């Protein structure tokens, strides 16, 4: 399964994602030059066959022209790295941002690089910790010349056709069936990845809510206090089920309409920890979800489920506190209602 | 301002609402017979001019036929009280349920009472702790004969035209401009009150969210951690406002489109406690909000804002925990993301 | 792949789902007796090896005792069919309801049948038109004795382990890895299926919203009217993308976090019809979604994403009209705003 | 009621709002210079006592230094007008933007004007077509010197204490009880107005949804088709009410917790048009609602009810079409469901 179009790629950023990308590329016969501020990360990959470098200058010198450089960095580090890097490059070199940058920054950065005859390619990369084996789904934005030149890299990083059967009605060619897609000019790649993550929020919330409803299907067995502050369970006899949610996640993996990788992952998590012990339920959001909702608003299209999922994450972190206190204050004012203890 | 149609009314349930109803009725010249399991509550009102009774039997005997009896009881106590009471009554007596019963129970109860030639009237009562002075907005369901007979009671309890200027375009007669309305057959009164409370949830949530957005308008002044788990504030310079929400609530009371009694109450609460100290933000729901959403669903009409408000109350009480934990578990599975500390 | 535990099953209801269940059972070596009010449907399956019957009485007589009967009927027809059928059965016979009945009806029906020493099994069946080949995911409720006896049937109908790799952390036994699960006593099967469909609503909405955001990523190219009734696009240069949503759906099938059967289906639909020509966008809901939301409410757990998806379906059918008109009326009142033409 | 601090004000923009502001100011003893591109509007106000001007240059010359100029213009016209105007002004002149500008533009504009030693004041103005009589609620941002100098203008435009009783717990001074408030530095005024309008969206949606639920309380009287695509009404006997929503809006005006100006307006609209004839239900949004939601997202605070209201407006205008079609396409794929006719 080695590539018949071997290339050289420079990788900056050897965290989990960056390191695994390098491994996947080397396995397929590409040559990799690597750099990270963390020297240990460099040494580790050098031990696996990459060429390690210790300064950005070394890194750039070690690459053949026109250079192909992939940045796999936290969002906040991309711009300073780019600022340093750009002065070291030569015309026709190409820089790929494979992280989760905001697509609007891509538009600005691509212009900056174009002024110096450099190519900028934004590449949304999905696959998480599993990508080394499964391959990464790639959503790419940039000028066609650069994207074409980098095709052997993308083809290796992407999953290829893999286990997924061909789409029956599909007649068009292109790379989408191999798991990577040139989505349009700069920013288009991260735009599609942003929306992908927005959809991910919505799907995750839907599954999580469903499991929660199953989990509380025994609510009729429990006593709710009888007072003016508590809505009674109207039909307790209809909520007497002790459902094994780990088994449910497992059965949904096969033949159901909601079968999905997220269900596979849930089944695994619940197999280890049926009550999700160890999770406090503080759900982070790292930007793409909120940007997706903002895009929907600016486009004037409804996106209620994705937005609900975003709000749910805010709630999970206690960020609704002031609003909640204001509601309690109003209830106290008009009805003399005191808050109940937790 | 004394009524020219004085009546006798029996009140069962002398909590805050029931006691104030009795006071308002007596002030206007009606005669009240009162009963409560709490003898002290009976004595207090007896001291103010009501005729106190110590058993349900005494209570019933003390009333002239056809009797007019108002129940002002916690939801869970209505049915047992009714079961006891019904055997003591005579044909053509009328029982008003002035609490927050589910309208579906009204339908059942009205039938039970009709079998014994008794009248059942459901009466949604809004006004909270302020009703003694302001009057109570009444939403009434039942057969026309009973509702007409009780009109002097309703007219006294309701606010009357009060400070609210007449609706310019209104040409119809009826009692709505006096603050009480016969909405339809049994259940209609509590149905309208249920929806009233659903609207109240939505309005409260809208106001609370708005205040929260104002309160956090200085978010750009604060450092957010820079890591892959935290979305950065993109334009911190646009979130540098320290807004005095107590002043804002006060200014909104006059001339604004959102001017409302709830804003009046918020202004008062914030005048006393600008940071809402003392509120944990655990917002109860006592049934009407959830019943409103269920009605919307069964009618197949969208009610997204009211539903959002209901969900927000559930979130405020930590009831989303399992769903949140499931989202964290998925993030851990696909991305190796660990939850952040609070 | 023929079963080593062949059984006899009677199927009532030979629509698409019922007929395919029979075919899948016969292929695996089970013997089927079939009945439908539509004689042609009976004849067709008789031609494929089933034993056709023309009256319910014949149907029942053709089955060996203890009988195993599967109903695959529209929700509204189950109860009348059951009423007719029950009188013809003998103690220890078992009836499976494989349709989308409300789980609360299962509780009632199971009691009715138990009174006659009959077993009632509720079985949520997911898989749609693809189940004949892929198998059906089965969520089963009922007493253990009946469910065990029917195991060979369920094992054949379900997908089996199929293409889905085993869940790595799973150590427990049971049938979930084979795609069917005894979820609990009566109603539990349809309860889990109901929630499954609720999750399905949320996942579908999330995907649909995402595609819509992609589809309108060129909104900055279009002129919006400049008037007081229209929010301007603030950054038109950020919305200049013409994204091929069919290609995006295809690329998401491989290696992405949102990979799922629904994405597979979307890719196929968009391959045939990239602009979704031919769909008016009137999205039906057949009950499970609304019941899921009602269950969440009665359990007091937030389910905002699933609820948003349900509301979106109501909106898609124009059911928000009166509310929308009320909003327009208010805007007209306070601001003199006239509605814009479509 | 004439002011004891008469000032001169120049008004640019004589639409409904601008013209009424001038009238209210003149009634109270202020002197007004007016300008509009529409000469008729100028003449009309000249006929009522204002000094009309026909060019921006004339307008500026007619004002005494330091000048006080109020812009009451459509959002899109503010910047071009300002660009023209600024060159004609002298140090210490002040410009008020009283329209619905985005607060972020205020920040930029204030800096531009400050560079020329001009004062910029942003002033959110609520009150709609009723403000001439009721006064306008003013939310003001800018430097304290300019805001103080303009105080006599704001005091006249605002409602004053009016009918609203003093807030019982309020002990602080300030102008909020008179209906105008200096909220903070530039942008703060429009920020608070933006959130005000966001709250308005949420309150309007809540009321509209409530009325819709009442309106459809007779849904059990109607036949729903019995087919697999339609959820049946489970308890038709519970939805048999023909509720007069005009009467309900009227009764809610008095003594209820949701009493508000919006309910007053609804009661009036429904008194004229009980079925809201003449409204198509296409609800515009002019920017503030979407900006409020974006602010909530950037501040990481949940605002689910306001967001729901915004989405509802998008839905009302058919902007969910592509998403809805995608849901129909998925249903067709997995279940062979055909869309129902409208």
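List of remarks:
Lettered A, B, C and D in written order, each chain numbered from 1.
Simple rule for what comes next: contacts are C-beta pairs under 8 Å (C-beta built on N, C-alpha and C of every residue); 3 or more make two chains touch, one makes a residue touch a chain.
Note that the structure is a prediction, hence the values are computed from the model and not measured.
Interface comparison, B-C versus C-D: the higher number of contacting C-beta pairs is recorded for C-D. Using the mean of the Cα atoms as each chain's centre, the chain most removed from subunit C is D.
Interface residue usage between subunit B and subunit D, two copies of one sequence, is largely shared: over half of the residue numbers at the contact are used by both copies.
Taking each chain's centre as the mean of its C-alpha atoms, subunit B lies 38 Å from subunit C.
Each chain gets a centre from the mean of its Cα atoms; for subunit B and subunit D, those two points are 29 Å apart. In whole angstrom, the spacing between the mean C-alpha positions of subunit C and subunit D is 44.
For subunit C, the set of residues that touch two or more other chains comprises 128, 205, 207, 209, 212, 216, 231, 234, 257, 261-262, 268-269, 285, 290, 298, 300-304, 307-308, 311-312, 315, 317, 320, 322-323, 334.
Across the complex, subunit C meets subunit B through its residues 257, 285, 290, 293-294, 297-298, 300-304, 307-308, 310-311, 314-315, 317, 319-320, 322-323, 334. On subunit B, the positions that touch subunit D within their shared complex are 103-104, 107, 126-128, 131, 134-139, 158-164, 167-172, 174-181, 183-185, 187-188, 191-192, 195-203, 205-207, 209-210, 212-214, 216-217, 219, 231, 233-235, 237-244, 246-248, 250-264, 267-269, 271-272, 292, 295-296, 298-309, 311-312, 315. In the complex of the two chains, the subunit B residues touching subunit A come out as 16, 74-76, 102, 128-130, 204-205, 207-209, 211-212, 215-216, 226-232, 234, 261-262, 265-266, 268-270, 273, 276, 279-287, 290, 304, 308, 312-313, 315-318, 320-337, 339-342.
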